[in-house]
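Shown below is the structure under consideration.
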Amino acid sequence: MDLAIILALDVLNGAASLFLLCVGLAIIFGMMKIINLAHGEFVMLGAYATVIATNAGMNIWVSMIIVAPLFVGLVGLLIERCLIRFLYGRLVDSMLATWGLSLLLIGLVTTIYGNTMNGVPTPLGGFQVGEYRSSWYTLFLAGMAVSVMALVYALLRFTRFGLIARAVMQNPNMAATLGVNPSRVYMITFGIGAGLTGLAGGLLAPLSGITPVMGAAFIAKCFITVVGGGATIISGTLTASGLFGLVNQLGAYFTTPVYGEVILFLSAILLIRILPQGISGRFFKGMS
Amino acid sequence: MTDARHAGLQSILVLAAATGVALLPLHLDLFALMQVTLFAAMSVLALSVAFIWGFGGILSFGQTAFFGLGGYVYAIAAINFGDSTNAILLAVVLPALFATALGYFVFYGKISDVYLGVITLTVTLILFNVVNSTAGEAYRIGIARLGGFNGIPSVPTFNMPFHPEIPLSPETSWWVTGGTLIAVYLLLRLILVSRFGRVAVAVRENETRAALLGYDTRLVKLGVFVLGGAIAGLGGALYVNWGAFVGPTIFSLSLSAEIIIWITVGGLGSLFGPIVGCFVIQWLVALIGSQQTFNSNLVLGAILVGFVLLLPKGVAPTFLLCLARLRKRYRSTTEHGSAQSTPHAGQLT
Amino acid sequence: MTELVPLLKTEKLTMNFGGVVANDSVDFNLGEMELRCLIGPNGAGKSTFFKMLTGQITPSSGTIAFRGRSIAGLPSHEIARTGLGIKTQIPNVFNGLSVRENIWLSARRKNTPRMANLVVDEILERVRLTEKQSAIVGQLSHGQRQWVEIGTVLAGDPELLLLDEPAAGMTDKETERTAEIIREINEARAIIVVEHDMEFIKMIARTVTVFHQGRIMMEDTLKNVLADARVRDVYLGKKVVVS
């Protein structure tokens, strides 16, 4: 029984972190059709922002929940203006450019801060379930995932920006004739996506080794989740992270963490193969 | 340019390259020779991607999967056989088989092109994770220990075919590597003027049209992909021969990124350009590696971003385009209305 | 006409997209060597019908028999190999290749290299593009690209050609030439033409099939179709006829 609870907590943890990691990517991909290969580096930047702010004496919660998303969101805005906006409608070029961006960010952070950095301790401590230990932070992550989900849903559903954004994604030209500036909507959307990714980086900073290349560990997982989830941002990402989080943690429990990840990847590839329509290949036909 | 003149230029280029490969050891010290041997091995990998992406329209972000597989297969087979001849063969065949399986899964499953990038990238990461976790006595194939993150050290290098007692000298090794590069280049050139090559380009241009003309586009793409996998595997064997070592970093994301940079710099849709791109970029990386002020990723990233934004066609095609424009201007001023050359598509087949 | 096996026969051919019925129970017959025109307002289901015939989409239900052989749901390339070629509505060509290469790719599928070159030369004559053979197709005019596509399809030696709006975007002179080309092709092959341009239809048509709301509304000679009140109502009356 205790074991079952611990396993359930593990799965919850896996699904929640996966959702937090993916939601920014899903927004950028789902709404703008930009595959951002620098996504992992946005996570990395969020983690660095948190660690640096905390080490400079800032409260860890403030640096995780406010500093990280704000900083990465601003970086995202900057990147959208300098790079991404030239690449709309050029899917492959946008992948290549963001891959270059990913290397650039890794190189930049390495040059400034070196190959590794002391992390921050995990706050909140742990609790006992029978003979197993778990941490409150796990539950906090799940709570954050739910809040982010609610926030994104409300943003898209109930705000003027959400309505405009959805309209622009449907038909940018039509929206432009209605007096909406699509370029500005894209910019803000990219900034929000980047900010949420930075938040994920901040929240995972206490759990990860802080290195410039830490993003590489997340990137494949994120892509496969977003692709597996399909076009709908919230429900798609949520179901896919739930499913893959489950597969990952169970696989890790019954084999090793490494094989847990392998099993996750294999099942994701299988899912893409079995459910190609769920992945909305139609968005990409002919855009090569 | 007429096909005949093009073919003439190609032969001159290849002859010059062959002469260069033959004579290079006279002019370079051992260190430099080893360096170019490495670049040539990498260039074989560059050719494999240049072919499948530039001519087959298949964007594989994980060509290192086949490259690394070729390297590991070569290492394991060479250690077990004690002879490199069959090991090289296996390093081509097994990655090709793996590419067949993966390609069948992808192309016959109608998975769209962009997801192919994501899937190949993921497969590469799977291989990295798996191989990385094979430290320990239990993981061995025959007498070869996989070694996990430490990799496989002291892999036997190439020997004279079926004569394991005569290993190749660095000079001979260079000749083999450089010669293989030229041979692969020629092979791909030949394929491109064959019916298969032309259909492959047609599928890249317009898959629907090719299918409506009665070509099985899935099969064509699979063929291109498998060929690319085989060549990448061969490159892996050459790479391991160069360093007598293979480790899981052969599957790394950064190498995948470097391949993409070679091609972007050298020009998509060219075979020669990516080789130049590979040499230049690898030379640059080696140069940066020897100093401490800035990180090679910074430079590589800036190059990739810069090229995509400013020179999306790459150096070689842009250069050729400028050359063609210059020539056109020159011609129109000297000989008004010169006879239009008419290339015949079928002539070379 | 009915005692022979028709070249093409569809029975109860139906295509649903979600809740939208694009084609509803279409029974269609085409004889050997026939030249048939399909007309009907936008959204009548003509292009969907073509897409089902060529395997670009799989019918929801119903059968398609080509020379008595069932081809419904086969992949495009297999249908093409049975002898069915299509020029799609939007020019579907290899834009980066030359005119000659476009046609050669089609000719080379069944022929030896030497034969393929002969076929290409002949086709170039027929679609009046011999002078343009080394031009890159993407740089040609819309009308010329239509001809490239017709030539490319023809080089595959199909028994039945489907031409979806072959005269769209052409000048009057080009339209006339296209009609001429189509009549020539029809000397040896069956053709189905979808067109909006009534002037063009008048140049080539014998039997006309009218599609309306995914169904066949009527099928008769051009004269009778033009005289029919319902046709005028759903189609001619609403659309300004290009003259």
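Note that the chains take the letters A, B and C in the order they are written out, and that residue 1 is the start of every chain.
We adopt the following convention: contacts are C-beta pairs under 8 Å (C-beta built on N, C-alpha and C of every residue); 3 or more make two chains touch, one makes a residue touch a chain.
Everything numeric in this text was worked out from a predicted model, so none of it was measured.
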| item | value |
| --- | --- |
| Chain pair with the greatest number of C-beta contact pairs | A-B |
| Chain separated most widely from subunit A, comparing mean CA positions | C |
| Distance-to-centre winner among chains (Cα means, whole assembly as reference) | B |
| Euclidean distance of C-alpha centroids - subunit A vs subunit B, Å | 33 |
| Centre distance in Å when subunit A and subunit C are each reduced to the mean of their C-alpha atoms | 48 |
| Mean-CA-position distance for subunit C and subunit B (Å) | 43 |
| Residues on subunit B engaged by subunit C in the complex (per definition of touch) | 195, 198-199, 201-202, 205-206, 208-217, 340-347, 349 |
| Footprint of subunit B on subunit C - complex, ascending | 54, 56, 75-77, 80-81, 85-86, 88, 92-98, 100-101, 104-106, 108-109, 113, 116-117, 120, 133-134, 152-153, 156 |
| Complex contacts: residues of subunit A adjacent to subunit B | 35, 83, 86-87, 91-93, 95-97, 99-108, 110-111, 216, 219-220, 223-224, 227, 256, 258-259, 261-262, 265-266, 268-269, 272-273, 276, 279, 281, 284-285, 287-288 |
| Complex contact set, residues of subunit B against subunit A | 57, 59, 105, 109-115, 117-119, 121-123, 125-126, 129-130, 132-133, 204, 253-254, 257, 260-261, 264, 294-309, 312 |
